[in-house]
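Each of the next two complexes has subunit A plus one other chain: subunit B in the first, subunit C in the second.
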Partner chain A sequence: MRKWSLFSRLLVVSIFTFFMNGLFIPAATAAEMSGKEIMEKQKKLQETNDEKEVLAMKLIDKKGNAKDRKIVRYSMKTGAGLNKIMMIFLEPKDIKGTGLLTWEHKDGDDDQWLYLPELGKEKRIASSGKKNKFMGTDFAFEDLRPENLNTHKYNLIGSEQIEGKDCFVIEALPVGKEEKESGYSKRKLWIRKDISFTVKIEFYDKKGKLIKVQENKNAKNVSGMVWRSDEIVMKDLGEEHQTSLIVQSRSINKGMDDDFFSLRKLKSPE
Partner chain B sequence: MHRIFLIFLIFLTFFIFPTISIYAQDATTTKEEKEGPADSLRKFLDNIAGSLEYKFFGHFYKVKQDNILYAHELIMKLDTKYNLDKNTSLVLMPILRADNRHFTAGAIDRLQETENRRYHFNFKEAFLVRRGEKADFYLGKKIYSWGKAEGFNPTDNINPYDFLDFPDKEKIGVLSAAVEYSIGNYSVDIVFVPLFTPSRLPGQNNRWAGSAEGEITVSNAVIPADVTGEVRERELPAKTIANSQFATRIKTTISGWDFALSYYHGFDSVPVVEEEVVGLTKHYTPKYNKINNYGLSIATTFDKLEMHAEGAYRDTANGHDDDFLSYIIGGSYSWDELNLEFIEKISLYFEFAGEKVVNAKDNRKRFSSADYSRPLKRSVLGSLVFKFNEDVDFRIGGNYNLDEYDRYIQPKVTYKVSDKLKLKAGLDIMAGHKDTFWGKWRKNDRVFTNVLWYF
Partner chain C sequence: MTRFMQWIVRHRGISVIALVVVLAILSVKIYTIEIDSSAEGLMVEGDPERIYYDEVKEKFGSDTLTVVVIEGKGGNIFNEETLTLLQTLTDKISEIDGVTKIQSLTTVNKIKGEGDSLNTDKLIESVPSDPEGLRQVKEDAMRNDVFLKNLISPDRKVTGINIFTEKKADDKKFNERFSKEVDRLINEHRGEHKAYQIGSPLTKVTFSSYIQKDQSTLTPVAMAFLIFLLIVSLRSATVSFLPVITGSLSIGATIGFMTLMGYQINVITAIVPALLIAIGCTEDIHMITEYFEGLRHGKNKKEAIMYMAGKCALPITLTSATTVFGFSSLAFNHITILREFGIVATFGLAINFLITIIVIPGFLQLIKVPMIMEKKKQNPVKKYINVLVEWFIVLATRHKPTVIACVLIVLTVAVIGCFRIKVDTDFISYFKEGSFIKQRIDSIHRDLSGALNFNVIVETGKEDGAKEPEVLRQIAGLQEHMDSTGKIDKSISLADYIKVMNREMNGGKKEMQVVPDSKNLIAQYLLLMAEEDTKNYIDSNYSTANILVRHNTTSSANLTALLDDLKGYVAKNFSKDLTVRFTGEGILINNAADYMAVGQVTSLGTSLLTIFAVMALLFMSFKAGILAMIPNVIPIVLNFGIMGWFDIPLNTGTCMVAAIALGIAVDDTTHFMARYYKELRVTNDQKQAIANSMRGEGEPVLISSVALAAGFSILALSEFNPTIQFGLLSALVMLIAFLSEMLITPLLLGTVQLITLWDFLLVKLKKDITKVSPLFMHLSQSEAKKVVLLGGIRSASAGEYIIRQGEKGEDMYMIITGNVTVTMDSEGTSKELAILKEGDIVGEMALMGGGIRSAHVIAVEDTELLRVDNKSLEKIRRRFPRTAAKLFLNISRILSDRLRTQNLANMGSRYSS
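Now for the complex of A and B:
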């Protein structure tokens, strides 16, 4: 039997190690990451200081009738890591100029004001039920808030491919006060492994029945490691109703400050 | 001079600014993308927002002042905004209106709006706004809305009202210069109004004048039938710097509570009728009181309950009316997780309003028309809204005065046929003794419908 030279043995070991690294190490890393860690990584990578988006919404009922909405949404992260969000309706014309300003608080209720052009003044409003639909769309108020890692428990329940991309499948369970306030018993999130971006969410009602599916399409790298979807489709399976949300324009990290998210700007931001 | 001003405004609205807009669009397009005049005009027209509204009021009774049972009104409003540069805009809101109640006549042709009738052509608002990072500046005709309460705002004194149809009252814009400065959680408003604009009150031939058989009304002050004399023209304050009006407000939010402190120095937009005896004749002259108004308003939320309070101390400078504190306290609550097939949300609004006279003045020679500026002495106000879905809601609202038992109830249905078409229908019901605030209109019960088309 031919004896292998030292060089040959080292070469074989190196090649074997190289392939083993390539095949198993990412899987080992993924297996080591918990659901919470995956969500934390996503938050770290995808979070921005401020964003502005102009969004066109199309609401389609089961008969195919369509209604259009258009909003501009501004958001920023404060020094304390909390969100300030301002939304202004651009269409339809009967609600044009209506604005909603939210200041998130770590403890207690958020501050929320509604500006109605008809009244010409802002009104402090109590937070709407999180389960309620936002302006007749298929998005509940809670669906439009950034993911709050403190109010959910995240379990990694598997790996699946969506459109050829490997995804973690995470189960998000509301805990504490959120368990009572949320309209869902759980959500399932599909997060792309390569870019830590959520491409699909399933929503389950309190009885555990699948009620809504959200698909985040056309993911685009918008800045650094930040990815965003240009089209979000939310389907209500029970009501056979769907809302498509098309991003018409977007700007990120333009240096918005606290003063922008004020009652003065709510009346007329730009 | 007035005619030239009117022609200038119409010219600005319909000719100059559309042209600027078209040229501005041309300047931003490349040679390849250059649009024809038709495209530019279409783009400009697409950017004009507005509404056309038809109002119908069907009264159940004829009254001595007015035998019109069926009233019709047509209103067209435009909302145009021309960006002069990145931070400066001209906002023009022309309004065209006509009705069969003789409420409207002519067109606005002056800066000071003092006519007793509405104009066929007017500007609801017309102002220049310069936006900055910390402050916004406004110059022109503008409507301001201060205060936290729903039914009545004691701290909101800058704009007069058009009371020609009381349940359907409207604010009148005032020529003013204003700045709103904000820093962090604080903001300061300063408003200067050089010319006085009175509230528009129902005349003798308007059913909302509300006098009983034999009585006469002067500026809506009811003068008893046994008092006779000569009614003179109202006395408007002279156009002097000393008679200009000023208002300021500081607002902040602390730990979930909104606070606003305000001050207004100017005139009550509703006059008192002063009796003077010259020789053997009595003269009745509507005059406007100079007032100082010191206000405070607060709002907060507790879970789903919103609470607010608003109060103001009014000091009448020339002693022609009482000094008093008016206040209102209330809240709102929504049941929005009903899990019912046919109702999406139920909202309740409730308020209590009162008045405390701090310094009563000698009013023997004056007939007060102050009902309009002091309507709620001890009253409850409220409404209940049933939202069936995004397109249909039913609201029942009203006011009950606890001392005189007079009351007003308005049930109303709103149906949004489409994003461009909205229908409203309801009833205005007033009851009480003829000498009470609502009771004097007890024969004005009516049904109403509105058709509102947005374009």
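Now for the complex of A and C:
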């Protein structure tokens, strides 16, 4: 029995090795970087410690009616590598001061607070889902967070040119808990090979249908290797509605305090 | 007309070729005929409200609503299976092309405050399988008032999916495709659940399938009825298919005409084929009867056809013309489908007339002389008809006061009934009670909210105006008022969402379910709500708000009353700077009700005027025009009276009864009055003429009335209420028209001196009689009239002897039209003495002396003469000696003139021999 056992074990190992070689060697030679590696490189290059942006927001419906809003968006990365984001409406007057504070948590159960100045009190947003649209825009809450590499699987599915620039085409699939919580079955990202910057994202719903397209236009080098877009356009294909964000001012890595991202500041940011 | 018809008979070849060409042209596009199931035709053309409706649709999305109703398992929808079904159906239906918005418990978001937190997640992220999860969904769902009676029944037994659709303008198959797909999905997934759809697409598709069904039952039944009628009345199978041929050709031509005009078959034009057969066959029967009559008189085929043409031309032209006029009055209606019906029916009947007069003689020529029964045995039915007619004669001549009293009583009752008539243009009431559409309409109203909807649009005229607390409060106030009427099942507005949000932001306290005082807070609440939830209630720049209203009021009168009540509330309670308008497909159709009433009056008015004009011209008398109208107005008044007392609404079907009845009933009057006129000329005795007319016309009028009534009752087989009502009411009115014809017409004719010889002469002579005829020379108009009125008319055809030499005679004649020759037989030879023309006198010798005619008077051509006899002259002499003196003087002058010429002639002849 033993002899046989040893023999059979050897056999299994050799067959396994044979197949593993057959499977992995061509893959390793075909692409220099995996999808995941591309995303990791991007994160390393593009991530900042903190940012402040003033954005002019334009909501346009299918008949071309436009609504203008202005928001300020603060974000920072905590020591634990998690994000805190605060967004506050500056215009129009009747919603001025309405704000949203998000604390990212490792397990994905983010804390979110809403503040309505006219109500005078903050409300925690009890949200199990991230797919809700953000305050009349075409962005879902999940679209406004930095990419979370832990909750997605990334596959490099090709390479294409966009506006004359070579791009990787990456398929991002939510995994684990994210798969249930995300509003998307997958996203496709076009990442410029030269600067590791995402220029276009396609969003597919749970049934695999393309529902939204985001374009990050006018990429600019804002600091070091960090690139940012001056105009982000998100189109909802089903609703024929679009939201464009035009950056009016931006400051990066000016050193923000963790304390700033508090409920107190949400109520009186200035 | 007679000549035209005889021309057609003689030039069959050309006529038939011309007809074939016309039919070919008409039928080039015949295969493109389609059924119109849209409700647009029920609306008023050029209604400014329609433009507004389109604007509102553009702004707030389509209002074309379909609801899929699902009954929960075990009387409760909150179980995994039912909710899964709800989710599956919602997802699958949302993928159908043309769905602009879909709403069910699985698409909506909750608005839920819990302590210091707010939850605006989807109500159902994924269908829970555990009891706790299900309980949570139930609690969240029942918490939002907007969902109640809209997506879920208060007793939790039923849930609904609201689907709004918009079809592309050129997509005619959309409704069918959509409703079939929804049915397919329901059947595929429902398992043991009870589920159904109801809404505008399904209703319209069912509508068009019923139209098709109507087509496939009504037309063949009408055909069968026609053949039956023919075989019974003509007793010849060979010719019985003739009216079927003319009917089919007419239907084909009419449908071809519709395609050329770009019309579709709609609920009303669908009855045109049956109508063409029912009404069109009367002409065929008339012609064939006369043809047989000709054969019985021993004429050969060709002669019999000519005889038929001569006999029928005038009456069938007249009856066709009046019927066509009756229908054409509808062509001026403002309601599209009625106008189209008017045009199509007018065309159909006109072409049917042409086809009949061309095809019938042609075919009769082609086929062998049919075997007809020898002079039929006295038909037992005929005996009863005769008894009936005699009875009518007695009534009309001897019991005038009783008859008049009865008629007046009936009319009074009917007129009172007229005021009870309700106008109804509602689409749903087309469906019979018990039809599955009606059943579903009822059950959705019972379980959720009525399937009918309209919008209340509140315009503030300024950006962000609809966020004002005052505006939302007024809207909420209107909604409360709507609830208090008990006639509105559900209304949803932005105010409802704001109120629920305010409640949830303030600890869920019921008393906080109000519109807050701050406009900014409302703006901030709005920011928290998903735009797809609110976009139907507020426009993009927040200047206009929309209240969606669901109801089950299916009658126009009730809907109008409801809308008036709401408008009254708005006028009283809304601030003046707000514009409030009510719109929706249902309201537009309802608007047609007013136009229908107006259209009815104008259409009847035109018809009556036409009849008056035709009759007045025909009988050359103003009085005749009026007289002809009365027996035709009575059935119309009774028609409306019956409608009023039996709660039959004036709808797209019944509003045609009066106009059509008028067109058909007037045929009877035409025949009757023409007969009376003829009889009067012969007998010169009103009573006698009336009785003779009744005897002569009673049978055909009765038979045609009964035939038409039976023909119209075929429409009772229709799938549509208005068509059924139209058919039965028309049938009844046909019988009433018969009664009116047999009682009222004779009564009126007997009471009023209708057509006098005086009127007749005035028209025939076209000149003043006192200037034309030596007999009336120097008489005043009134003196001449007295003489004429005592006289009678005699007509003679060419070659006919008016007076024979040697016969006894006591009358003299004045020639009205035509020429006569006076000849004298003497010594075996015949000598022409004179040719006399209009205005001249003949026979005066016998009148004056001896009574023995001294010469022949023969008509050279068809001639009409005024006859004055000795007795009449005697009367004049006794009553009006002055007139008599002048008249006798004239006669002596004429005599002496004659004698003088006679003597000269005699002398001449003597000298020559």
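Keep this in mind: the second predicted complex is superposed on the first by the 238 of 270 C-alpha atoms of A that agree within 3 Å, B and C clash if a C-alpha of one lies under 4 Å from a C-alpha of the other, contacts with A are read in each partner's own complex, and residues count from 1 in each chain.
In this section, a residue touches a chain if its C-beta (ideal position, glycine included) is under 8 Å from a C-beta of that chain, and two chains touch if they have at least 3 such contacts.
All figures in this text were calculated on a predicted structure; none of them were measured in a lab.
Taken together through their common subunit A, the two structures put subunit B and subunit C in a clash. By the document's definition of touching, both partners, subunit B and subunit C, reach A:N132.
Using the contact criterion defined above for the overlaid structures, shared-chain residue A:D111 touches subunit B, although it does not reach subunit C. Touch criterion not met for A:D194: it reaches neither subunit B nor subunit C.
By the document's definition of touching, of the two partners only subunit C reaches A:D61; subunit B does not.
Judged by the touch definition given at the top, the superposed model places A:S262 against subunit B, while subunit C stays out of reach. When the two complexes are overlaid on their common chain A, residue A:K123 makes contact with subunit B and with subunit C alike. Counting contacts as defined above, subunit A residues 67, 92-94, 119, 121, 123-129, 132, 135-136 meet subunit B in one complex and subunit C in the other. The touching residues of subunit A, when paired with subunit B in their complex, are 67-68, 91-94, 96, 105, 108-109, 111-112, 119-121, 123-129, 131-132, 135-136, 258-259, 262-264, 268, 270. In the complex of the two chains, the subunit A residues touching subunit C come out as 61, 63, 65, 67, 89, 92-95, 98, 114, 116-119, 121-129, 132-133, 135-136, 180, 207, 239, 241. Within the complex, the subunit C residues that touch subunit A are 58, 91, 109, 113-114, 116-122, 125-126, 464, 467, 505, 518-521, 523-528, 530-532, 540-541.
Here subunit B touches subunit A in the complex through residues 49, 51, 129, 131, 133-134, 136, 143-148, 180, 182-184, 187, 251, 253, 256, 258, 299-306, 308, 332-334, 336-337, 344-345, 389-390, 416, 419-420, 422, 452, 454-455, going by the rule given at the top.
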